[in-house]
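Have a look at the structure below before the remarks.
Order of writing sets the labels: A, B, C and D. Residues in every chain begin at 1.
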């Protein structure tokens, strides 16, 4: 299989799906870039380059640059979806949900239910997310715990290029609204990506590694950190199941519980601050539905209850590290 | 754009149906039979009718918390609406939505909306769709004077101008957003003028005059259909009841509504004009009055008799698949 | 002690505190009501009457009616706070956080941290919340799980008039931003309220009832439902500790853990949908920090993963009921 | 409002300090020594200076992601700023904020803001405070052409008009919001005109001309201080660098910036005018140039040498008490 970056895997998927289905349109700030400028027409292709080439290929009718008006962006996507399209709306950074949340939270998520099942709203909202690039408190947040809490939305968070392709393809064919988180620090991450059509169903976790001593659940960039931690521990004879849920709504709790049948010990790694996080969410569900399987206290490895700091060392200390993960694994194993 | 007799009768029927629907709700709500928060449209009928008379089922509208009138004008089934308001299983939205969330996609009615300012971005998006479809269809959002101050609405207007979208922003200035007067909350005191500042055509008309609304909306929709971008229509009007049913209306002078009912009642004005000009006879209109009264009677009766939304449906309709 | 409704307790507290501290101002839609109308000047005093009389007493400089512009309301409160005031901002319904979240989430919550501890932002944002009044999907939500997840905010959710007074007084003297949730269905709830100055510290749960067989944690209206459930169970010889956290940030986990030392069994009741809720949040923390105390799976009693339905029976089925709570208690006790 | 020699020197010093600060950052960032995202203000100095020259430490401003210029013009310590940008323990915000979150409350600088449109509601609130204080103080928010399309900004403008608040909305139209041109994203193509539609006075000036900005801002602040409500000032200008450092600027014609640097450089223009009119000598300005260069040298040196923000402080400063 060819090796590609996550950015390229996503970009190629957008190209392929937009070619396949002419009802797919994309809108957001600088998804093309260059409108009203003195230079080239497609100057950006998204601030992270994920939508590069779409404008040139599919034209300005389907690749729509917008003003800096996130409520209008997501709202317009909602309206176009109700009127038969499959819009992709991009928030340049997930943090900008602050200025646009109503359209996601009170509108898109609730249409189908409020209207008695009589409509569908197949919007994909893309949100670059996460810390690690010294972008400060308003450009580094995870947001997915908030979105996961909202009934009516599906939530996708890939950790590698192949999953990004498979999940994005599924998202773009799904009839429900999907919020698709792309961890900024993973865009350059490379990996093998299947050629041709490739779909990964929502609600199916990936068992990234198999082991015996504990179950580690990790999301997005934390999967790569957990792998680093496990590399170190395996040298010391500690092996773990490593589970990447890939979608947090729906969440594949079964795979976690099955793994716990073997290990009895759970570590959950989430880059979010601890309160009402995915870590505590999964921990809570396991304490309820997998209590008998547990042989040790659940360990949650999360960011602290603080905003994301700017300075390099501070941000590095803020984000859970492979060492933090190793320590948590050692703790449950030693219990 | 002169209206023939059939269309005049249609306009009257729409307005009368809305009025009767709301007047009956006013009575029924007082009995406690209807759950929740209800906002009546009585008094504003000419706006919904005057705008929606220009639209087909393939054109889209988005409405507000005060949405019954827009729904009826856009062709929603009146009995299904009444059942929805009563929370019945076969209400238009299976009882899950209620008064503030009525939608009917077959009629191009994309939903009432209980978030002030929630609708205009959605109507703007629907216009992206019709523009892409290239079928000459348009969208319209309804909103109040109060909604005109919401950031989402300003954003939608600018986006619509930038993309030259065929969407009409209708503002019904009924003098108040809840308990707060338009003259206080709209800093410029001029909604249409503010819309013009966004780079779109805007007109202001007497919302109690069906013909004024109809003509202005028609001209603006022509502009939309010609591909000349969005427009705004401000309709000055009053609501005959409180903000919601139960509102003590202390912010209103005692005789304010009475005066309006006297001078600005769109039904009275319409009847006066069409009979005065010899376009319709009183008897034509009386016949419609009778039919509408009967329809609303039936709607209330059926709604009362219909089965409640069943608890077995509590968790359905959240997703298509999950 | 005099008996008062929660609405009156809150209203009197606002009066007392605004009289005490002239830096307190209040702004929001119809907090006075009547501006620009043809009737009386103070026509509303808040849609639920909580701010009644403030306008007449303190004048339009301190009791400020605003346009329907929630971002500007919360943002203006933020700015006035940075400039030395103690603003109370009212969202007419908590659901309207959708159109105003940025100012709370990215601004108010983060100022102190982003600016290196060099400022304070003592805003109190009041948010009527909760289901039970057939107001439909966009006027009935809990919101507090989302707000609890945000570092930098404090979150208060009283369940009775006395707590409402004690916590509001504390909120209005606190130097950090506080989000104060008022359950709409509790406004008429009556109870004894201490006269005079009365403050309840944040982060101290109330032990509402004592018992032996299980620990029940409940929030806001769910406290009253849990009491009903317990009334029934006590007749059958089952007794429980009933804990009302009162503030979810900070959260008094210690009181919960202490109770579990005696009972070993935990039921958490939250009117929110289940994912990333306060229920799963507390469950997760207990599974981590109180694992050894647990003798049974944690039971979470929450709303389903759906928007709030409109119809009466549906909404009643949506909100956790005293019966649901009893069933959960029986389950942990029988384990 | 003629400026005496001292004030003219002050204006020049402010602009020159900003320019030098940014030009040096441009060089330092290329070395990789500075973490994160940095947006330079080079080219826009006359706006910050022309506005802030009217303000004292008790007046408030709120700024943007492109905030260094506003901070310097409002009197923030330049060395503390540089340290903050390097993420140092004794940076103005202890290294927790960074380039996009510099604040200095003693100077009335309520914070840069990385959310486009985040600032104007805050400045509006600060004006509620100054109005209540009754001390004649004012606030100002800075924002770009792009920010002028954000709903929060429209809401703030309307609220300021409704409450007649002493706050100035400054829009720096530098032609682009990131990669998108103003002429595309602002539907009306006229920010000041759109502001006027909100019911406030608005002026549009050449942002490359310090005197034009200074005079217009002065008149508007007079209006604010007289209690006549808010105002807006649109300054047309360009930025000399990319949106952020590293931006390949493909949306710009090759010679666009070069032309602007030639014709619209506020420092050149200022020097030409004041020496031409005999108000200052070249030597006065050269002396400032030298002092500023030395200050910035020192700032970079000290910032490089300063200790990093310590990890022990990761969890402090979230709350005052918790």
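Note that in this section contacts are C-beta pairs under 8 Å (C-beta built on N, C-alpha and C of every residue); 3 or more make two chains touch, one makes a residue touch a chain.
Just so we're clear, the structure is a prediction, and the values are computed from it rather than from any experiment.
Counting steps between touching chains, the shortest path from chain B to chain D takes 1.
Comparing the CA-atom centres of all chains against that of chain C, the greatest distance is found for D. Centres computed as Cα averages put chain A at a distance of 30 Å from chain C. In terms of their C-alpha centroids, the spacing between chain A and chain D amounts to 35 Å.
Chain centres here are Cα averages; for chain A and chain B they lie 40 Å apart. Touching two or more other chains at once are residues 66-67, 69, 71-72, 95-96, 98-99, 102-103, 106, 113-114, 136-138, 151-152, 304-307, 309-310 of chain A.
Under the contact definition stated at the top, the residues of chain D that touch 2 or more other chains are 91, 95-97, 101, 113, 115, 118, 149-152, 155, 158-159, 162, 184-187, 318. Viewed as a network of touching protein chains, the structure reduces to a complete graph with every chain in contact with every other.
In the complex of the two chains, the chain C residues touching chain B come out as 29-30, 33-40, 43-44, 47, 65-72, 95-96, 98-99, 133-139, 304-307, 309-314, 317-318.
Interface of chain B with chain D (complex): residues 149-155, 157-162, 184-190, 193-200. The residues of chain A lying in touch with chain B in their complex are 25, 27, 61-62, 64, 66-67, 69, 71-85, 87, 102-103, 106-107, 111-120, 151-152, 154, 174-176, 203, 250.
Residue ranges on chain B touching chain C, taken from their complex, read 35-37, 87-88, 91, 95-101, 113-118, 146-147, 149-152, 175-187, 249-253, 256, 308-311, 313-315, 318. Chain contact summary for the complex, chain B toward chain A: residues 60, 62, 91-97, 101, 103-105, 110-111, 113, 115, 118, 120-133, 139, 151-152, 155-156, 158-159, 162-163, 316-322.
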